[in-house]
Amino acid sequence: MHGIGPPLATPFTREGDLDTDRLRRLVEWVESRGVDFLVPCGSNGETELMTADERARVIEVVAEEASVPVLAGTGSPGLRETLAATDRAASAGADGALVVTPFYYGHDDETLEAYYRDVADASDLPVYLYSVPVYTDVALDPVVVGRLAEHPNVAGMKDTTSDLATFQRKRVLTEDADFDLFVGTAGVLAHALDAGADGGVLALANVAPSACAEMLARHRAGDHDAARRLNRRLLDLNRTITAEYGVPGLKAAMRFLDAPVGYSRRPHHEVGDDAREAVEAQVSAVADLLD
Amino acid sequence: MHGIGPPLATPFTREGDLDTDRLRRLVEWVESRGVDFLVPCGSNGETELMTADERARVIEVVAEEASVPVLAGTGSPGLRETLAATDRAASAGADGALVVTPFYYGHDDETLEAYYRDVADASDLPVYLYSVPVYTDVALDPVVVGRLAEHPNVAGMKDTTSDLATFQRKRVLTEDADFDLFVGTAGVLAHALDAGADGGVLALANVAPSACAEMLARHRAGDHDAARRLNRRLLDLNRTITAEYGVPGLKAAMRFLDAPVGYSRRPHHEVGDDAREAVEAQVSAVADLLD
Amino acid sequence: MHGIGPPLATPFTREGDLDTDRLRRLVEWVESRGVDFLVPCGSNGETELMTADERARVIEVVAEEASVPVLAGTGSPGLRETLAATDRAASAGADGALVVTPFYYGHDDETLEAYYRDVADASDLPVYLYSVPVYTDVALDPVVVGRLAEHPNVAGMKDTTSDLATFQRKRVLTEDADFDLFVGTAGVLAHALDAGADGGVLALANVAPSACAEMLARHRAGDHDAARRLNRRLLDLNRTITAEYGVPGLKAAMRFLDAPVGYSRRPHHEVGDDAREAVEAQVSAVADLLD
Amino acid sequence: MHGIGPPLATPFTREGDLDTDRLRRLVEWVESRGVDFLVPCGSNGETELMTADERARVIEVVAEEASVPVLAGTGSPGLRETLAATDRAASAGADGALVVTPFYYGHDDETLEAYYRDVADASDLPVYLYSVPVYTDVALDPVVVGRLAEHPNVAGMKDTTSDLATFQRKRVLTEDADFDLFVGTAGVLAHALDAGADGGVLALANVAPSACAEMLARHRAGDHDAARRLNRRLLDLNRTITAEYGVPGLKAAMRFLDAPVGYSRRPHHEVGDDAREAVEAQVSAVADLLD
């Protein structure tokens, strides 16, 4: 997998029910704006707030609607649930499994590596590592990533970090492998591409898929400066929908753009008026990039 | 609920299957050593490594076997799953629901408070708050605890902390409410009782239930010094089975004592030989307290 | 050294000059309220905001005025400056040297232990370890403390922690040595005494020396419950003058009590009106304990 | 100031005395390898382990020997000492003052901003902000940086971070000011230049000044890819002499290159044999870049 993939927001109704009708339309809404693949059941999909059945259903619906590859989030703290979710994603037609580092219980590097080997050995889908310390308090060590990259069924990684030093190390240590290294935050997309990223799995690609795609296109066309100028313009919007207001902020931005994204699920709450206005102001400030 | 409750280890077979036969015998093993209540599906139960159905099954089995009250862990990151698990625990005959702070996504104090109010409003069981920052990276603020204590269906808290300053504040701020405040780590049990704790929900109560019960008995009998001397003697064993080796260390200690506890589930691995010997040495060092 | 010692606030004029006249009167003000020793140049003395000469002068003045023993803060990030400050403190008549863990540069346990051995070997004064992670980001490991306690010139420790589990471990591991273990936060004084502390070096002992002394007296008289009730009543005031408003809050509280403490030095600023009123309200709430 | 500046290591004798003879030769050694300015008394200079007089002496010697501009580290936790050190640096002929965020005591953003305004108002030298959370646990907020950049005597910043997202924000928020933004870690130099950095103040520029200069030259020549390839090759050496072994590792690397750098001062210790060999292996691996 290469290019830009949104960790797709999951539409819920105001009452918090899964809204598969909107989900279908959201696939279309995002795809029509130029993304390369879709990532249902990532962190921005409020996956941890859904049952195993709901997660499987989301992946199924996305796989049905998608005309681009599907990288399905299937990780849980426990190996068994991860394997079961991965099987269901494979049956639903996903093209890869994105497996978050097992969280809640802390694990040492050796245990994390063994876990990923177990998943990769058992999975019918190519496995992508997923390191997202902001949620899990665990950052995969570059050396562990390098070793795992040699496993024939480990295909890549989503690395949610703004630290370009460790990101470069992961690129260096996976260079000889067939390993798709995605950066997980739009705040450094252009720089991560400069560092050898194969693309990005980006919350921002829900709100501004075309702008993310444009950054990649500029980069690929050799106009790295233009890619970085775009990156810089999108910094504030990206912060607003991630660090500042989280998924409810992301959804407020999408609703402002008339994306069929619905609402959040508890304990998430919709953002208040001040936050909504702040989000909308950020969206408006880059309106020219959001066509 | 008052007194000592073990967050019961969940027996798995070597293959990682839930071992309800051992679980039944474990209830008997622990109860016969003098605990006041049982806490299936706490953190030490490897709950995050089980499906919702398995969790419900564990609670059901424990409720069937127990002759003491059952405080069932029912918290998940999402409100819906928490409510569903709480309903199942109520149907299974549990006496209270222990609800961990919603993890993975970060939430501010206002959201955490609203979440617990939603749970308490909807639950047929009295709700116990559960703050365990070592796993969740979230510590419930004492002021929030104080406000929640006034809710008629919030009955208490398990507070996994060694910080006696904030623990005292929680006691002060819940003093006027009917609120059972349990400390969550045996390393400070005697001191927490001195500070007004109503008891403890303690990993160590899986390994050394009678010693924990004895600490409480000494405290209640007014011999606080004796309680603290016991506390001090158990410090190293407690560290070994929690901070140092985690649940696999806890299970190694229990197997050494012939408790019917079985094995851990992946990604947990059984401890290696060195760790096992260290655990066993700690158990042996306090053998006189473990009858 | 035993009992209660305030890490004495250092009076500055409004312009930020060292105010030795007020300092002399402050020694009298505090001593007359019943403390057992004095600790000039601790963290609450804004020591890091003074030159080496000023620090030496503060210790000199306090040693001249004091009729109780003087434990002088002499630690710096570098060994040489620590040794020089310790020499000057010895010449000034101090009775012990309180040496903070070397900060700024991070050091491993081995380096920290070697550093303290170097200091203790060279010092004419008995050396007290000082662990205060809130300022230094370093917590001395209990095992290192236990080893250092065996050095003939290491006489004790100020441990600024509310964690009664590690505090107990330090007590256990120094039990066979002649080692004065002081707790460094009033929020857990009574409990630390229960755990075997020899006393406390407490910011609160600047504001409420008699109340701190009373806690100790009740404890020594065997009325541990009364000590803990006092502890509990002082929790909020203690938080206000430490965690919440820091040294400027401490000085606002002291000025409200007409203590000759003067003002803070930059970058510290005097607290604003809201903070000052909050501080004064906390002082007033325990006025009956402050005679 | 623009380009590459090493935070110059301070030579000490084996006994820990300041070695001004070696320091003079070190200035020559580094300058001859192509740096644009010199930074005596930065973190890598073991400044916190020296007296105020020694620091002033180091700056004096460097200013005497240097044929490039001198940006002198003059920050302390206290305003007075910072102002005094800045005055002495000005008298010694330094061209700018690098002022670390006041550490030890925690300060809020408002206090940090007021502190820098006070320094800039009083200083005869242009002031450079210095944010280095690895040592101080404080990261200057980009918005505060943006406001300070408008002060006529705030001339720039050394930002020791690998986070290219916040680094970009600082660039954006200081764009309209005359503000030299230096990155403080060689691990991301090429990328920071891509993001608009005016250069770097880099520990690595002590060991590999010419390689750092070459990165900058390639960047300025428009061959950003070549700059990044160099960056990538230097990642491991940079980690070894910073995160892994700190200043003693840095000095071991320099001694291996026959730089007149001498030894470290306590509590720093020389690295052991294993570490020394690891450092030397890293140096050897990029020997072709170190001419």
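Think of it as A, B, C and D in the order they're written, each chain with its own count starting at 1.
FYI, a contact is a pair of C-beta atoms (placed from the backbone, for glycine too) under 8 Å apart; a residue touches a chain by one contact, two chains touch by 3 or more.
Everything numeric here is computed off the predicted structure, so don't read it as measured data.
Work out the mean CA point of chain A and of chain B, and you get 35 Å between them. Distance from the chain B centre to the chain D centre is 49 Å, each centre being the mean of its Cα atoms. In chain B, there is no position where the chain touches two or more neighbouring chains simultaneously. Interchain contacts close the chains into one ring where each touches exactly two others, per the touch definition above. Of all possible chain pairings, those that touch are A-B, A-D, B-C, C-D.
On the chain B side of its complex with chain A, the touching residues are 16, 43, 46, 48-52, 76-81, 102-107, 111-112, 114-115, 118, 134-137, 246-247, 265-269. By the touch criterion stated above, chain B contacts chain C in their complex at residues 162-166, 168-169, 171-172, 185, 187-188, 191, 194-195, 224, 228, 231-232, 235, 239.
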